[in-house]
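Labels run A, B, C and D following the written order; every chain starts at residue 1.
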Amino acid sequence: MAEFDLVIRGGTVVTAAGASRCDVGVTDGRVVALGEALSGGRERVDATGKLVLPGGIDAHCHIAQRGSQGTETADGFRSGSISAACGGTTTLIPFAAQYKGQSLRQVVESYRARAEGEAVIDYAVHLIVSDPTEQVLGQELPALIRDGYTSFKVYMTYDSLKLDDSQMLAVLATARREGAMVMIHAENHDVIAWLTERLLAAGHTAPKFHGIAHAAPAEREATQRAITLAEILDVPVLIVHVSWREAIEAIRSAQARGLRVFGETCPQYLFLTADDMDRSGFEGAKYVCSPPPRDAANQEFVWRGIQDGTLSVFSSDHAAYRFDDPQGKKLAGENAPFHSIPNGVPGLEIRLPMLFSAGVRSGRITLEQFVAVTATNPARIYGLNPRKGTIAVGSDADIAVWDPDKEVTISAAMLHDAMDYTPYEGRKVTGWPILTLSRGEVVWDGTAPRGAPGRGRFLPCDLPAPAKPQGRFVAGFDPNSGDYTG
Amino acid sequence: MAEFDLVIRGGTVVTAAGASRCDVGVTDGRVVALGEALSGGRERVDATGKLVLPGGIDAHCHIAQRGSQGTETADGFRSGSISAACGGTTTLIPFAAQYKGQSLRQVVESYRARAEGEAVIDYAVHLIVSDPTEQVLGQELPALIRDGYTSFKVYMTYDSLKLDDSQMLAVLATARREGAMVMIHAENHDVIAWLTERLLAAGHTAPKFHGIAHAAPAEREATQRAITLAEILDVPVLIVHVSWREAIEAIRSAQARGLRVFGETCPQYLFLTADDMDRSGFEGAKYVCSPPPRDAANQEFVWRGIQDGTLSVFSSDHAAYRFDDPQGKKLAGENAPFHSIPNGVPGLEIRLPMLFSAGVRSGRITLEQFVAVTATNPARIYGLNPRKGTIAVGSDADIAVWDPDKEVTISAAMLHDAMDYTPYEGRKVTGWPILTLSRGEVVWDGTAPRGAPGRGRFLPCDLPAPAKPQGRFVAGFDPNSGDYTG
Amino acid sequence: MAEFDLVIRGGTVVTAAGASRCDVGVTDGRVVALGEALSGGRERVDATGKLVLPGGIDAHCHIAQRGSQGTETADGFRSGSISAACGGTTTLIPFAAQYKGQSLRQVVESYRARAEGEAVIDYAVHLIVSDPTEQVLGQELPALIRDGYTSFKVYMTYDSLKLDDSQMLAVLATARREGAMVMIHAENHDVIAWLTERLLAAGHTAPKFHGIAHAAPAEREATQRAITLAEILDVPVLIVHVSWREAIEAIRSAQARGLRVFGETCPQYLFLTADDMDRSGFEGAKYVCSPPPRDAANQEFVWRGIQDGTLSVFSSDHAAYRFDDPQGKKLAGENAPFHSIPNGVPGLEIRLPMLFSAGVRSGRITLEQFVAVTATNPARIYGLNPRKGTIAVGSDADIAVWDPDKEVTISAAMLHDAMDYTPYEGRKVTGWPILTLSRGEVVWDGTAPRGAPGRGRFLPCDLPAPAKPQGRFVAGFDPNSGDYTG
Amino acid sequence: MAEFDLVIRGGTVVTAAGASRCDVGVTDGRVVALGEALSGGRERVDATGKLVLPGGIDAHCHIAQRGSQGTETADGFRSGSISAACGGTTTLIPFAAQYKGQSLRQVVESYRARAEGEAVIDYAVHLIVSDPTEQVLGQELPALIRDGYTSFKVYMTYDSLKLDDSQMLAVLATARREGAMVMIHAENHDVIAWLTERLLAAGHTAPKFHGIAHAAPAEREATQRAITLAEILDVPVLIVHVSWREAIEAIRSAQARGLRVFGETCPQYLFLTADDMDRSGFEGAKYVCSPPPRDAANQEFVWRGIQDGTLSVFSSDHAAYRFDDPQGKKLAGENAPFHSIPNGVPGLEIRLPMLFSAGVRSGRITLEQFVAVTATNPARIYGLNPRKGTIAVGSDADIAVWDPDKEVTISAAMLHDAMDYTPYEGRKVTGWPILTLSRGEVVWDGTAPRGAPGRGRFLPCDLPAPAKPQGRFVAGFDPNSGDYTG
C-alpha cells in the first residue's frame, strides 16, 4: 500500500452500521484504507478520544436561490458552504428552482453559474419543477437526469410553484419512467390561501398567524394526498420537512402498507414551537417558515418519527432571510402582515450539533442513527452513495472529527452564514466538530473555516436505488406502459 | 279521542328505539295515537304477524335529473315515486342540479316544475352546487335554505360539477353560517381523469376499466381531504355513497376524533362487485356507477361500517339509465368506451328489501338499525324529523307494513321503475312490504301501486340539528366570524 | 279505549328514536297509549314545557353488597332505590356476588332476601361469578339464567374475585351456550398487585397512589385480553367502567373488526381526575375507585367514546362507602395505605343530571343519545326491553319528567343515599327530574321521595338479543360444539 | 502494516451501512484492515464478482437442548454449527433452558459442557428462565449476566416453562436493573390449552389442528400483554418468532409510541403456511412449530414488517426433530394427536439463502437490510457488537463470501444438519455462500464443511446497548428504585 496523503489516527470511526476503533487512510481525496494502525501519512490527524463521522449531507437547503418576487436567499454558495462545513457538513444539495414559463435546462445552467468559484464543499443539485410541460417532462428532465440531476421537488402550495394533482401525476410518472426521486412539499394550498385571506380580512396580521394559516390539518391532508398519488404510480416519494404528528402517522401507515414513502424533518420541528412566532414586536418573523413549528407536545412525536425510522432524513431546510433587512424578513416592511414575510429559517451550521446534543447525548437516538439520518440515508436516497455519506474504502474523504464533549453556546455571532440572527440564540449544545475534511482537505479546523472558495465540486447523482420501480400497481394498471395485468 | 281515519291493528311497530306490539291510529294523514287496542277507525288494516315500519327515506336518488350532456334519468317523479313506494319507501330526496353558470333559484324552480303533478309520495330536494359564486353563496343559497332546501351536495369529481378545495371551503363556510348540511361526492378527480386518459390511450375501453379508473385510493384520498376541509371549518359533512374500506376507516377515525362526519352507503357496495363490470359483451355497462363496486372482501367492511354506526345512512343512489337505449347506457353506442357510459344503477325499489333480507334476516343488523339507517337517520340529518322517518304521535303516517317472511325473486319485470334491467336480476330475498302508506293513504297494496300521481308533496326541510356548529376550531380561528381565540 | 289510570299531558316524549309532543296514557302501571290529546285519566300530570323521558336504568351499581372482607356497601335497597328514583332512575341492576366456595344459587337467594321489602323501584340482578366450577357452570348458572339472571360479571382483578384466562374462557363458553351476557372488569391483576407491593415498600401509601398502582396500561391490556377471549368464542361481552382512552380505542377497534364488544362508562371518568385523589389529608380517599379517574385530557376521549357509540352504556358503578366511617373509607383507619381503602364512589342520584347537564345541555350529545345510553341500551343489552328503557305502548310506565332548565347545586345534604359525602359537592347542573314514576306510581315528586319500600319488584331478564351467537369462529372451530368448518 | 494472515480480494464488502469494493485484511482472526488493494497475505481468497458479507448470527436456535419430556433436539453443537456454517452463519446463540426447580447456574454449566469440543463456530448462550425465584433473580442471574449471559428468554406458554404476569414483571425488573435483554415467546397459554382440550375432545387430532389451537388472536394478545408489562417497567424487550400480522401491528404501534420493543421473525413465517400442516397422512407434523405458519396473505405482512424495520431480527428458531424418529416428530407415535408432536422446524442452514433469494434477489429488501437483520442487529441487541455482526476493523473475521447467482435446489440430502427432512424440500434459491470464515478460518469451502469441532468458542456478551434504561415510567413511578416523580 502506497504512502497515504493523510492518516486520521486513533479515533472511533462511526458508520450507520456501527463504530470501530481504527485509523483512516486517505489518498487523492478518497478513503483508501481503514486499519488498526495505519503507518505513514504525509499528514496526520490525531483523533484520539474523538469521533470520526461521515461529513453530513444537507439534502434540503436553499442556497443562492432567487424567489419569484425578486428575493434572494442571504446565503450564496460561498457563505453557505462555509457555514455548513463549520458545522460538520460536507455536501449540500440545494435547489435549482424553475418558475412558470422557464426552461429547466436554462434554470440549471444559470444556477450552476452562481455556484461557480464559490463553494468550499461539494454539492449536488435538486431541481424544482413548477412548470411540467410536455417539453419539460419529455425532453428536458430526461436529459437532466442523465446529467446527474436525479431528484426533483414539487410543491403542493405557493402560488408561483404549486402543481395540481394532475401535474403531480405527470411528474411522478416521469420520475417512475426515468428512475428519479421526487420530493414533495405537502401542504394544502387552498386551505392556506383561504385561511390567510380570512385572517387578513379579520385584521390578524401578526407573525404568529402564519402558524394559524398553515393549519396542521392542511399538512396532514396534503401528505395523505401525495401518498395516494405515489401509490397510484407505484413510485417512491420523499415528503420533505415533515412537521406534524398526523403527517408522520400518515407516512408510517404508508410504509406499513408496503409503500416506499420516505420522510424528512428539520431542526425547527424539534427545537422551535409556534410560541416562538408569537414573540413580542416583529421578533416572531424570525421563526416564520413553512410548515411552521407546532406545539411543544408535537416535538416528541417528531423525535419518535426519527427513532422508529419513519423519518429517515434530517435536513436543515436552510432558507435564510436576514431579519433587519429589506431583502429579508422585512421585505414588506417592519410589522408587515404575516403572509408577506419571506418563509424560512437558517440552520446549515447548527443542524448536526443540535441533533447530536439533544439526540445522541441525551440517549434519544444512537450514534448510528445520527449518521444514518444526517449522511448515509440522504446519500442513498439521492444517488450519492457510496461516494458520499459514509466512511468506507473508496468513498470520498468527507469526514468530520467530533469532540463529543465540547460545549458550545450558539449565537449568531459565532456562526459563519450571512445571517444577522439565529433562531437558536443562546442554546447550549454539547458536541461539535473540531475538524471537517472535504475530499481529505481541511475546510474547518475547529476555529476557522479553511479551503478556497471554488474547491467544492458539482456532484452528478446516480439514479437512486430506492427509486427503482417495483411494479405493485393499484388494480394492476401501469399508467406508464399502459399494461393491465389485473 | 275522535274516530280515527285509519287504524293499523295487531302489528309490531318498530322504531329505531325498539319494537312494540301496538295499534296505530291515523287521522288527517298523521299518526295521532299508538295504543294497545285502538278502537274504531273508518278504515282498518290487519297487521297481525307483520312488521309496521316507518316508510323509508331515500335520501340519495337521481330523479328527473338532466345531465350536462343532455341525458335525462329514466325515472321521473312519477315512475320513481311509484317504484320507491312499491319497495316501502315513502320519501324521496332527489337533487336539483346546478351546472356552471346557472342560477340556483332557477334550477330549483325548473326542477320543482318537473315534479308537479307526478309524485305519489312526498319529496324534499337537495341542491347540487357546482358554481358557488358570491351571488349563489351570498344571496341564493341563504334564501333557498330559508325556503326549506337545507342540504346541498358538492362534487369533488366530474368535469361539469366538481369544485376545487377553495370552492369547497366557501361552500362549507356558507353551510356553517346558515346551519345547512353538506353532502360530498368524494373521489379525486385528477386521479380518475389521468388514469382514464391513459387507459383509453392504451386501448383499455371495456366497462370494467371504469373500475380501474375510479381507483380505490382516489376515494380514500378525497374522503380524507373532505374531512380535512370540514375540520378546518368545524362543520358537519356527510360523505355520500362510501364504497371502499379505507374511506370507511377515514370516516371512523374522524368520528373518533370528535368530528361530525357522517357516512352513507348503498346497495351496490353490499351486493355488487367489480367482477360484475367484467361481464361478457357490453353487459358490464349495467353495473357502471361511481364509485364503482369493489371486490368481494370489501363488502364485509361495508357491512361493518353499518354495524358499528360509522355509516349511518343507507340510500339507493338510484341513477337509472336504461341499458338498451341511446339515451341510456348506450348513449355513446354499443361497446362505447367506459368513460362515455352514463354512470349509475337503479335501486329505488330493492333498497329496503335487499338490506332487510341480507341484513336483518341474516342477523347482521337489528331491525332497529334497519329502521335507523333507512329512515330515522336520514330524517334527522336532513331536517325532516319528527315529521318523517319514524312512527310517533304527530309524525306523518308514512308506514310500510312488512311481511318478514315473504320470498321474492327480484327481476326487472316485477319492478315499477322505468328501467329495462336490474343489476340484481334473479336474486332471492326474504321480506317485502305488503302495504305502503303515505300520509295514511295506500300507495302500494302488495300487488300494485296505488295513489294518484301528484298526491306527493314537496317537503321543506328544517335546519338539520346535527349541523349545529360546535365551535371547535383548529387552532382557535373561526374563519366565518374572524374570531381568534387561540 | 278504557279510562286511563294516569295521563301525562303536554310534554315532549323522548325515546332513542326521537322526540314527540304527545300525551302518555298509563293503566295498570303500563303505557297503554300515546296520543295527541288523550282524554280522561283518573290522575293527570301536566308536563307542559317538560321532557318526558324513560326512567333511567342503572345497570351497574353495588347495593347491599357484602365484601369478602366484611364490608357492606352503605346503601341497601331502600336508600339505594330511593336515591336512584330521586335522580330519575327507575331500574337498578345490582350484583349478587359469589365468593370462592359459595353456591351461586345460595348467593342469589341470600341477596334477593336482602331486597325483600326494601326497594321502591324495580330491579334485576346481575351475578358475579368468581368460582366457576363445573357445578356452577354446568348446573347452577343454566338454571339461574332460566330464572331470569341472564347477565354475569367476571373480574380480571381483585384477589377474592378474579378469574384467570382459562376460567374466563369457561365462563364465556357457558354464556355463549346459554345466550347470556358477560360483563368484564378489565384490569391486569398482576400489574396492579406488583405495583402496589412496590409502592408500599417504597412508602408511597397516600390515596393518590391508588391511581399509580392501577396504571392505565393495565386497563388497556386487560381490555385487549378480554376482547381476545371473547373473539375466540364469538361471544359478545361488555367491558364495564371503561376509564382510559386506550381501552376505548381497543373497544372501537374490536367493533370495527365486527366483534360485538360493548363498552360502559361512568360519571367518575367524565367528571373526576387523578388530582382528586391527591387532595389534602385523607380527602383523596373519597375518590378512590377502580379503575381510577385519569387525567383531564382523558375526559375528552371518554366523551368521544359516548358520542360515536363506542361506549353504549352509562352507569353509576355506585359503590358507596361513607368517608368518616370505620365500615367505610376508614375501614383500615384514618390515613390507611391506599390499598386498604374500600374502592368506590357513590353516583346513583347524580348520574343522570350530570350527564344531562354536561352532555345534552352543552350540546355534546343529543337527547336521544342521552336516553339511549342511560336507559334504552342497557335494557336491550341485559334483556329488559321492551318492558324497560323506553316509552312505548306496552312498556312499564317508568318515566321521569324533567325540567331541563332547573338549576341545582349538588351537595351531600340534598342527596338521598346513605352517604356522608358526594364527590361532586358544589357542582352546578342544569336539568333535573321533577317527577319520577315507577310503573305509573310516583316515587319522586320533585321535592321528596315517595312510594313504599317493598313496592319495587324483581325483574327476571330475558336472554339478551345482542348476545345471540353469530358463528364467526376464529379459524372455523366452535369450542362449544366441537365443530370444525375451517 | 504487518503481513496479513489472509486477504480477501476483489469482492464487494457489504455492511448495514452500504457496500464497498475493497479488500479485507485478516490477522489473528480479526479484520485488521480494509483497503483498496491490500498487498500480501499468507493466504488469499479471490472474491471477484462476489459479495463479502458478515457471517450470520442465528440468535434464536435450539441446539443440544433437552426438553422437559426427555426429548433432545436432533442437532447438537457439532452438526448444528456445521450446518449453520454451510449456510453462511458464523455465530449461534442457542438456549440454556431452566426447568422448574433447577439452578440456573447449574443449567448453564451443564449446557456449556454439552458444547465442549463440538462447535465449529463461535456461540453465545441465552438463558431460559422458567423458575424466577428470589435466589435466581437476586443471585444467580446477576452473576451470570456478569459472566456474559446478558439475554434471557421467558415463555408465556408451555406448561413446563411459562411464567405468569407477576413472574414476568419480576424478570423484567431484574433485566432492567442489570441492563440485560429479555426475549419473549408471546402466546396466550390458557387460550391454547383450552382450545387444545376441546379440539382433542372433539376428535380433531390431525397435525393441522395445531394451527387451530395456536389461534392467531392468542399471539396478538400475548404480544400486547408483553408490551404492556415492558411499558410498566420501561424496559426493552424482544418479541421472538413473530408470525402474525396483528402481532406485528402491536409491535409497530408500540415503537411508534416510543417504546423499545423489538421483533424477530423466522423463515417459516415467510415460506410456509397453515396448509403445509394439512398435508396428507402424518406429513403435516413436519411443519408443526409454535407459533404455527399462518395463511398465505399473512406472509406479505411479515415481509412488510421486515421492510419497514418493525421486525429487526431474522432467526431460524431451528428446533430440529427428525420426522421418522421415535425421539422426533413421532415421539408419541405415528399419527399421534397434534399436541404431542414435538414443536419445531429446522432452519439453520437455509435461513440466509432463502431470505437472500426471496428478499434481496427479488428486490423486497436491500442487501444492507439483509445484513442488518441477519447479523448486525442481533449483534447489537445481544451485546456482541462490534466483535460480531459486521465487517469492520477490529471485528472478528466472521465472513461469508456469497455467489449471488448460484442456483441451489434445497433438499434434506444436501443439508448438513442431523435431520431426515427439510420443510423446504425442492425449493429453488439463487445465491449461496461459497466460503464461510470463522475468525479467519474456513468452515465451509463451498462444497464441504471444514474446521475442527471444538474450534468454536463461547462468547460472553456485553450488556446490550439497546437495553439501557431511559426512565420513562408510566405515571412517574420506578418500581425498581421506588422513586416517584409523577
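As a convention for this text, a contact is a pair of C-beta atoms (placed from the backbone, for glycine too) under 8 Å apart; a residue touches a chain by one contact, two chains touch by 3 or more.
Everything quoted here is computed from the prediction, not taken from an experiment.
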Could you tell me the least number of steps, going only between chains that touch, from chain A to chain C?
-> 2
When centres are defined as mean Cα positions, the distance from chain A to chain D in whole Å is 38
CA centroid of chain C to CA centroid of chain D, Å | 49
Which residue numbers or ranges of chain D touch two or more of the other chains?
-> none
Topology of the chain contact graph, where touching chains are joined (line, ring, star, complete, other) = ring
Contact set on chain D toward chain C in their complex = 164-166, 168-170, 188-191, 193-195, 198-199, 201-204, 209, 211-212, 215-218, 220-221, 224-225, 228-229, 231-232, 474-477, 479, 481-484, 486
Which positions of chain A touch chain D when the two form their complex?
-> 1, 13, 15-22, 25, 32-39, 249, 252, 255-258, 300, 303-304, 307-310, 363, 366, 371-372, 376, 380, 385-386, 389-390, 392-395, 465, 468, 470
